[in-house]
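For reference, the structure is listed below as structure tokens.
Letters A, B, C and D mark the chains in the order given here, with residues in each chain numbered from 1 onward.
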Amino acid sequence: MIDYKTALDEIYSTLKNAPNKGKVARYIPELAQIDPNNFAIYLNTLNDGAYGVGHIDTKFSIQSISKVLTLSKAFALKGNAIWERVGVEPSGNPFNHISLLEQEQGIPRNPFINSGAIVIADILVSTLKNPKADFLNYVRELANDNSIDYNYKVAESEKNTGFKNYAITNLLKSFNNLHNDVDEVLDFYFHQCAIEMDCKQLNTTFHLFANQGKCIKNKTHLDISKLKRVNAIMLMCGFYDQAGDFAFDVGLPGKSGVGGGIIAVLPNQYIITTWAPGLNKKGNSLLGLQALELFTTKTQQSIF
Amino acid sequence: MIDYKTALDEIYSTLKNAPNKGKVARYIPELAQIDPNNFAIYLNTLNDGAYGVGHIDTKFSIQSISKVLTLSKAFALKGNAIWERVGVEPSGNPFNHISLLEQEQGIPRNPFINSGAIVIADILVSTLKNPKADFLNYVRELANDNSIDYNYKVAESEKNTGFKNYAITNLLKSFNNLHNDVDEVLDFYFHQCAIEMDCKQLNTTFHLFANQGKCIKNKTHLDISKLKRVNAIMLMCGFYDQAGDFAFDVGLPGKSGVGGGIIAVLPNQYIITTWAPGLNKKGNSLLGLQALELFTTKTQQSIF
Amino acid sequence: MIDYKTALDEIYSTLKNAPNKGKVARYIPELAQIDPNNFAIYLNTLNDGAYGVGHIDTKFSIQSISKVLTLSKAFALKGNAIWERVGVEPSGNPFNHISLLEQEQGIPRNPFINSGAIVIADILVSTLKNPKADFLNYVRELANDNSIDYNYKVAESEKNTGFKNYAITNLLKSFNNLHNDVDEVLDFYFHQCAIEMDCKQLNTTFHLFANQGKCIKNKTHLDISKLKRVNAIMLMCGFYDQAGDFAFDVGLPGKSGVGGGIIAVLPNQYIITTWAPGLNKKGNSLLGLQALELFTTKTQQSIF
Amino acid sequence: MIDYKTALDEIYSTLKNAPNKGKVARYIPELAQIDPNNFAIYLNTLNDGAYGVGHIDTKFSIQSISKVLTLSKAFALKGNAIWERVGVEPSGNPFNHISLLEQEQGIPRNPFINSGAIVIADILVSTLKNPKADFLNYVRELANDNSIDYNYKVAESEKNTGFKNYAITNLLKSFNNLHNDVDEVLDFYFHQCAIEMDCKQLNTTFHLFANQGKCIKNKTHLDISKLKRVNAIMLMCGFYDQAGDFAFDVGLPGKSGVGGGIIAVLPNQYIITTWAPGLNKKGNSLLGLQALELFTTKTQQSIF
């Protein structure tokens, strides 16, 4: 076992010139222009300092990583009532998310597939006074950084091309599992996905998930019982149909986004963020996964 | 074997007081108010006169029966090119129409499930100059009756509640199998379904399907090769997941609508229309199916 | 429209040297050795003589075509009771026959997919005194030819390699939709598929399906009501997931087998048999399908 | 937070008289006779002693819990080569295990659904000299107890009624993912499931999963890298389609069996075993799940 800093340095030098860096997501025009050579890892320990390598100050679109934050906010606000509208089981397959939703009559399998995240968005639209502003404030508070903002061009871009999300949301509506208007909920959802942060900001934002529910300012945002449940859902469902692989290879609760970011936590020890915009076939950051697998192998630590 | 008139009279008196008349469709508010005691059968032979029993002059919403007419128009206009965008196979299951569309990557199984009919609507929106007006004129010409019209309240009603159709259409769009705007295509689609006719008008409109493609005024609207193919699709796909039952019990090409209408043809012999608004669990007119099964049993004629 | 003989001659000369003749079935070792250049068409009209072209006297394995004969025997013996154990709806997809059986809890979709044919075999094993001998006698009587027999090597070949059929039959047993032993039912089933006939014999055997249920010796084997239902099932389900195509392109009730045979009937007019061992990707004879499509196009006759 | 002993005592007294104890598995006749009032919990810490409550000395059939042991043996013997024949992803649904296997062409989703465990059994049948004897010796060594044995009546009982397992195994064979004979592999599989142990024995057998791969006698049976992977698969796949619930409610890697047993581990801390033969609708021990949820709640410890 080696120390964290040495591990990060070794991993960075091993991977930064990897011949295959995956493919940048093309279905969102605004994301298709990102340079696939960006690569960063940032680690923050609870007791032992922080280390970063690579482009740790470059902002990127956090995309689906935002689903952990909306879930946490909705869970804190509404408690177990949210589980009447969305499950906590892994979804198994990627290709049939809409099929699953139809078969299971409008109850999404979990809050991290799009349909489930849209139900959570609907709950926040119903509950928050000014949904987009209030949620942004929540994220800024977790990050302890008021400069964090939505990228409005990315949100607009998704609004014009996100037909599959419109399909999902209308299907939820047809099953009476959407309380607000389709357009209003998707406007919120496309914005939450379009939040921009750099690795350091994102890492700080996720401090509470390693720290028993307390953010960097030591304020409790989730009680321990809820916190361990959100971490469990991250492990079970955080990487779509590659969740099993991630648990098997890395062994940490985590969440990926098509912007190329991944966050993961070792409870009571550390938060780690990677960013590499090239994705594998399952839509997860290729170098990010490799970096995290190397990290838990080299450090011989995981939740298992 | 008995003559047609006697058969119709016997069937009408047997069924008109049936204790179970099925349930009127509730998902379209405008249709939910129809009196389930309405019941009519109308038969028009090519060589042997016409007979009707019951409420043959009451108008009803033809709904999915319109899909045969849009298919015929699109097939006549565009020929076999339409089969690149929609198949001709039965769909098997009702509950998974959206699942099927997702699995088969946006190519609907056939033109009579909603997704397929929406693709056909998209073709007509692309091809016709004034889609709604032009299609209405086509129907009026087939029916030889300029009084036929859309029921605009029914169309509006579907527009406000048809979330599943919005889901389907957005999914088609996400697979690049919709060339026009979602709202524009659905506006056309909701109107085609909202055409109103009585049994006599509907029966006349379908004259061409028993008469080698020639309408009541003897004008050819489909050549023989196309006509037999539309009839084949009616047989294979006209009653959703009850298509096998209908072929098995009745043995005629036909099409049902949730307004309670059914049309069927014995090629070169007759066209028959039934209307009874109460539906069975599969969404087909309960008394209509029973009437047609009795009719082909009593007359010992079918395509088999 | 041209006369039948001219049509057959033209079709034979057009297709006999076709560059693509499909691929002979390989999964049954005994069938893999058949020469793909075999090609025959045989037509028998009810009132207008018989015509044949090509290898009409060469025997081949009728395979799934036998399912029509076992269905007819079981339907004649047990009546509508058989429909409690098997449906009459098309199955939609090829790749998920076992999935469908699992989803629909052991009730096969129709008697022409393997699971349904195995249930019919189970019914015959329960009902016939000496199942294999009695069924062979039934076929010999229909064909008016006592030389017809099982090919025991083909039956044995399937017994050693038919693991998917063992899977299906055990699944039926787990759902209590198999009353006899798995091995006993499959022994019967593998034999029924291994019946050998030439085109002329097969054509005669199917005489009853064009002749209102009466065989070549004018004995009634199915009453009219049952006969039209078996023909309906042939149309809806006779070509697996290509049933819609066959209805669309050919427009006749029919049934194919992986031995390369196809039979089809125009009720009250004729029976037609084709044999060409090369199959398309859906497991139906490639030249056979083309020949039948040309035949109904040239003669401008079909059930539609 | 309270100490372990107090927690166990409280849980036992809370649950032992629970009005709803679930239903004993009926599909295996030998298991149907077990008294549903049996209830036991046994905890063994690595550093802090052992505690037990209830019927901790009564033997029961470990059933699917054995899948962890066969996986560990096969993984130790063959390394990563086993992952060419079975995946590590959760399966999502219970009702479609056979469907999944068909869709994914014979590669089981993970080693804890029956199809995956049968592939692992096939690997052991190919690799071990005397499969049943050698595997029993492996279990005895882990348990440090040579009295452990198969219950041959239970194994025989499954052999006569396990049609679904025969279906699965034949399907694997049809996809060339079974190297040995169906009957030989199932004979091994039915025996592994029929191992009998009491809670104390089972708890000792699983010592290595909490102790970095070392058994109670401190011998290494799995290296750390393999050990964490087996624990990850337990968490992701150990409770069928209730895996998400278990991670959410309990938060420990674990495995259940239809005999009513559950084992779970907190790595580097403890192994806990529960036994209560009444099952919930998903086939997992009802009281066992409740006991484990209470235990991690009261002790405020889990992997998250």
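What we mean here is this: contacts are C-beta pairs under 8 Å (C-beta built on N, C-alpha and C of every residue); 3 or more make two chains touch, one makes a residue touch a chain.
Given the structure is predicted, the values throughout are model-derived calculations rather than measurements.
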Query - Third chains touching both chain D and chain C - result: none
Report summary line: Maximum distance between Cα centroids and chain A occurs for chain C
Query raised in the report: For chain A and chain D, what's the span in angstrom between their mean Cα positions?
Result: 32
Query raised in the report: Where the CA atoms of chain A average out and where those of chain B average out, how many Å apart are those spots?
Result: 47
Report task. Indicate the whole-number Å distance between the mean C-alpha point of chain A and the mean C-alpha point of chain C. Result -> 55
Query raised in the report: Where does chain A touch two or more other chains at once, residue-wise?
Result: none
Query raised in the report: Between which chains does touch occur?
Result: A-B, A-D, B-C, C-D
Query - Parts of chain D lying in touch with chain C, wherever the complex brings them together - result: 95-96, 98-99, 102-103, 163-164, 166-168, 170-171, 173-174, 182
Query raised in the report: Which residues of chain D touch chain A in the complex?
Result: 87-93, 100, 109-110, 224-225, 227-229, 231-233, 235-237, 241-245, 247-248, 251, 253, 267, 297, 300, 302-304
